[in-house]
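Below are two complexes that have chain A in common, paired first with chain B and then with chain C.
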Partner chain A sequence: MELFLQTLIDGLLIGGLIIVVGIGFSLCFGVMHIVDFAVGEWVMLGAFTGFLLVSYFGQDPMIYLPVLFIIFFVLGWAIYPLIYRAISGKRHNPVLMGLVFTFGLSILAKGGALSIWGYHIQSITTWLSGKSLALGPITIPALRFSGFLFGILITLLLMFFLYKTKLGITIRATAQDREMASLLGTDVRKVGALVYSLYAGVTGMSGILIGALFSIHAAMGVKYCTLAFFVVVLAGMGYIPGVIIAGLILGLLQSFVGVYVGGRYNLVALFMVMYGVLLITPKGILRRGI
Partner chain B sequence: MKSLKNAQTPAHSSPSFLRWGLLGLVLLISLLLPWTLSPLWIRIATEVLMWAGLAQSWNIIGGYTGYLSFGHGAFFGVGAYITGITMLHLGLPFGLGLLISGMAAALMAVIIGYPTLRLRGAYFAIATWAFGEMIRQIATILEITGGAFGMQLPAYLNLPFFYYLFLLMTGLIYLTIYLLLERSPFGYKLLAIREHEEAAEMVGVDTVMIKIKAFGLSAFFPGVLGGIYAYWVTYIHPDSVLGAVITDFMVVMAFLGGIGSLWGPFLGAGVVQLVNRYLWLVWGEGTFYLIVIGAAICAVVLFIPSGIIGLLESQIFQPRTAWKEIRKKVKW
Partner chain C sequence: MKKGFKLILSVLILVFLIPQFGLAQEKRDFFKVGVVTSLSGELAFGGTVTKRGYDLWADTVNALGGIEIEGKKYKVTLVYADDQSTPATAAVAAERLITQENVDFILGPYASGTTLALAPIAEKYKIPHITGSAESPLIWKRKFKYTFGTIPAVSLIAQASIQTLAKDVTPKPKTVAILGIDDAFSKFAAEAFKMSAEKEGFKVLKYDIVPEGSDYTPQVSAIKALKPDIFAMGSHEKAAIEMIKIAKELKFNPQAFVQHYGMTTPDFRKGLGKDAEFVLGTSVWTPNMKHQATLLFKNPKEYADAFKAKFGDEPEYTNAGSTAAGIAFQEALRMIKAKPPLTQENKDALISALEKLNIMTFYGQVKFAVEGDFYHCNAGLQPVAIQYQGGKLVEVGPGKLQVVAPKFPTPSWDKR
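Presenting the complex of A and B:
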């Protein structure tokens, strides 16, 4: 019973971080209709940038969160024109081209990271590492808990931005009907750039927390790429509120499979669930996807 | 309208006797090749042939149908492992093992394709990518595959034999594509799906069925090629036959050569594999080639989306029209 409760808590806490990775990704898909295969690479680059910042300037990794957000926001802003080029213009299948382009980007980022840092595994420690809250028989690791809080905070901020501000409403309108939004005077290209930069910023920022929680290595992107994909499929592609439920479900699934079946069956279990979802309700568990 | 105008159709501009003569010459040269080359170059030629087959089988679903499979390497690996298992544990002959490998790969493709091919292409891309990752993990878990240590097949060290086997198989693949996709209603249905899926459905194409068939076909060939590869290198492990890099190579080769064309993947495979081997000879083992692949994919998508074959088929080599053609083909 204690193990069960502990696994439950761990799963929920991890779910918080999965939500952060999934939410930007889902937003990006909703607006641009592009699956960004580089999502895991943004996490990886975020983790490495955080690691470099910490090793050069010292201080606690947590204070670099806003710095990372700015760095990756700018990076996303810089890369977006290329993606826009790939998905527009005189190509006879823009979506296909966009997919392949981000696929190429992810290989490029992974290759670059492997060439620079090799297969070494790095880690970041913060003042929260190793501390934990004890709640009766269960312990809540402070770092995981702060990761969870961070996830919730980012999600709330994004939701507030999307549902309460004028810019956010413009973004949602673009996601709903691109052509209509552009007819009504929205600069679709600028909205896309903003969304992509936001997504890159949030995902890169989550990288440092993920790096502090687990470990940092050049091939870590694959795992988060998989998680982001599963989250959006479960949530329904492009349906943002679904990401919260899907992220928590995936966190729970991961931790329960890890404890009761074995960590190496993780991906198999995740794939089975995704296959089942695609087979039964392809629009996500809430049937709200596009 | 725009998409229809830019649809790629096979060019029939050059006289046919020239094309058949050229094809005959290439075949003759490739038949005589093992007598003239050193073992290293026979090896490289064999690899080029294998990759040409792999890139073309990816092209069936990615190029002709317009659905991107980012887990195609899994079919190659599955073929390699199943051939190994049938030869080692079941004691079946090599040829039968190859057939079973191909069938198994095609069956897996049908199972993956059944739910995902009725959705948007993005779902398919995600599901195939995840499938590839899952298969690699399964191969490291199972006992019958030898786990992370891999599997040792009975050794048969006969390089020319494998060269001819790959030549035969790749030749068969190209023949199948030519007959089935370039010259039959099946191919036209696939093109219709790629260009405008709703319209294809409207005129009575059973799109889901056609796509599943195409995916099955495009998985059958890598299964067989994987089997031959396993017998050739005799030692396989999850990273060597199921690594993500196999899919990466297929995608870059097909795209660089020109997707949705018969000879594009062949050209792409030749160029990419020769450059890859050159880098390998100069720098040795490393991860630098990943940067080159990634940059190549991005550059091709951005600047020459119709690939090398698109450049060759245009009038780029005639001085008067060259500049106009470059302006048209190289997107800036």
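Presenting the complex of A and C:
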């Protein structure tokens, strides 16, 4: 029973991290129909930037979460015109163009990080590192728990923004029918820039949490790119509330398969679920995706 | 049409003949050494570990004027190709070095998976190849004629820390749980832990293999629930760091943490800080060893000093193994008195010379096995168990190899 409860907690906490990475990716896809291959590299760049901030200015890495959001929001805003150019105009297949462009960005970011920060594996420590809450025989690692709360909080904030504010409703209208929104006076380019910047800000910010939990290196983004794809497929492409459920399901799946079936079957289980969802319910488990 | 045909014919003639002339006319007075290793991707850290070892060999040889063959010195030039941490790219990179760069011989990749992809290419083009890093026994079981390795297979050396825990500590631990990463090296490290644990009378409570890049928390939780005395991990450096971090988060307190390779790297120590303390591992070389040599570096200390002066870090056994791979080539070339560029005859003679090689280096003895399951592996080195004590790696066993007594049992995380 103890192991079952611990596995449940581990799964939920892993799910929290998946939500953190998947939420911005889902927003970006849902609104702009951009499949951003560089999602993992935003995490990596966030982790390295956090590492640099801690190295230069000291203090606890968690303090830099808002700073990272601003840095990556601005970076996303600066990059967006290039993406807009790649996906607009007389392109035959804008989604594919976006995919290719961001794949290029991902390679550039990986190579750039390797050149700038080198091959070393870096680590950062927060005051939460190594601390845990004990609930009887169950251990809840404090840093993972804060990551979980962070994921839920960001998702709720984004949902509030999208469903309860005028700008959010404009974004949703653009996501539903880009041309109609444009005809009604919405500046779709600005909406796109805002969404991409939000996505970059949230994902870059998550880098410092992930960096503190695991390790920081130029190639660390690859696995988060895979996870983001998994979560978006399961949640329903572009359906933000589904990200919480999808993230938790993926976390629990990893945890229970890892403990009760065997670690080597983790990826098999994830792929089987993903293919199953794509075959049976391509709009995601809640049937609310695109 | 006729004009077009002539043009195509001319181009084809040029394409086929120019490289032939190039090969035939190549004249150089230096050895061109191909190096395939991971300079980008997941294994870039390890790739750089090998690169540093190879670079130090080449720079030291060149500083002395080069490799002396019949009174004349020939410098060495390293030509790097990045395998991007993937086996398929390693094979392509090796093919390019052989067919386009016309390298004389190859110093091999960091990882076993990439080495297993490169070895058939070396075989196909009959070009000598020594890996200064790869440790998977799979490489040697395949009996590649043109591939050699300076570090003994992990199945021969990983047992040192388990033996130390069986013989050199009291009270003797009784149980072990093993977690390995699913790659050509790490799962054999885990397998070696399992075999030696069973041989030493430990009860293996769990043996699990997980994919690289997973979140290892559920597996560590499952192992924690079994309360093993020893937690042994087969992995490269990143997973080695992450598993210790997870163990600390989960307040998992076995009597001993055992790893093999990752814990020997400077990044492990820097990344974990004082949490690296008490972790046990295995090495076939440390700067404190007393080998006496006449080739290039007189002893491990001289090598360590040269390494530190060049790179600012302490060397570990993969750095040393990579430098020793260069020394092995250097001595084999002297034996056959081959001058650059090497002909195919020279390359075949180089293989025979490597098979006969028996030299004492700063790294220890280099003598490649010529039969059995460890064919062409430098299988004879004595592994030593090492442990972080006071921020430094010290030799703690097994038996007579002990310099400092192992610190055992590991204190719980809240008492450190």
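Everything that follows uses one rule, which is that the second predicted complex is superposed on the first by the 282 of 290 C-alpha atoms of A that agree within 3 Å, B and C clash if a C-alpha of one lies under 4 Å from a C-alpha of the other, contacts with A are read in each partner's own complex, and residues count from 1 in each chain.
Throughout what follows, a residue touches a chain if its C-beta (ideal position, glycine included) is under 8 Å from a C-beta of that chain, and two chains touch if they have at least 3 such contacts.
Source: prediction; values computed, not measured.
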Overlay on chain A: chain C relative to chain B, clash or fit: clash
Touched partner set for A:Leu278, first chain B, second chain C, both or neither: first
Contacts of A:Tyr56 with chain B and chain C, given as first, second, both or neither: neither
Which superposed partner A:Thr7 touches (first chain B, second chain C, both, neither): second
Contacts of A:Arg144 with chain B and chain C, given as first, second, both or neither: second
Touched partner set for A:Leu213, first chain B, second chain C, both or neither: second
First, second, both or neither for A:Val222, with chain B first and chain C second: both
Which of chain B and chain C A:Ile121 touches, first, second, both or neither: second
Touched partner set for A:Gln254, first chain B, second chain C, both or neither: second
Partner chain(s) touched by A:Gly104 [first = chain B, second = chain C, both, neither]: first
37-45, 55-63, 217-225 or 289-297: stretch of chain B that collides with chain C: 37-45
Shared contact residues on chain A - chain B and chain C: 110-111, 114, 222, 264, 266-267
Contact set on chain C toward chain A in their complex: 39-42, 44-45, 47-48, 85, 179, 182, 208-211, 213-219, 221-222, 224-225, 237-238, 241-242, 245, 248-251, 267, 270-273, 275, 413
Contact footprint of chain C on chain A as seen in their complex: 2-3, 6-7, 10-11, 13-14, 17, 110-111, 114, 119-123, 125, 129-130, 132, 134, 139, 141-144, 213-215, 217-219, 222-223, 254-256, 258-259, 262-264, 266-267
Interfacial residue positions of chain B with respect to chain A in the complex: 2-3, 6-8, 66, 68, 70, 112, 114-116, 118-123, 125-127, 129-131, 133-134, 137-138, 140-141, 194-195, 244, 248, 251-252, 255, 286-298, 301-302, 305, 331
Chain A to chain B touching residues, read off their complex: 29, 33-35, 37, 82, 85-86, 89-93, 95-97, 99-101, 103-112, 114-115, 118, 222, 225-226, 229-230, 232-233, 237, 264-268, 270-271, 274-275, 278-279, 282
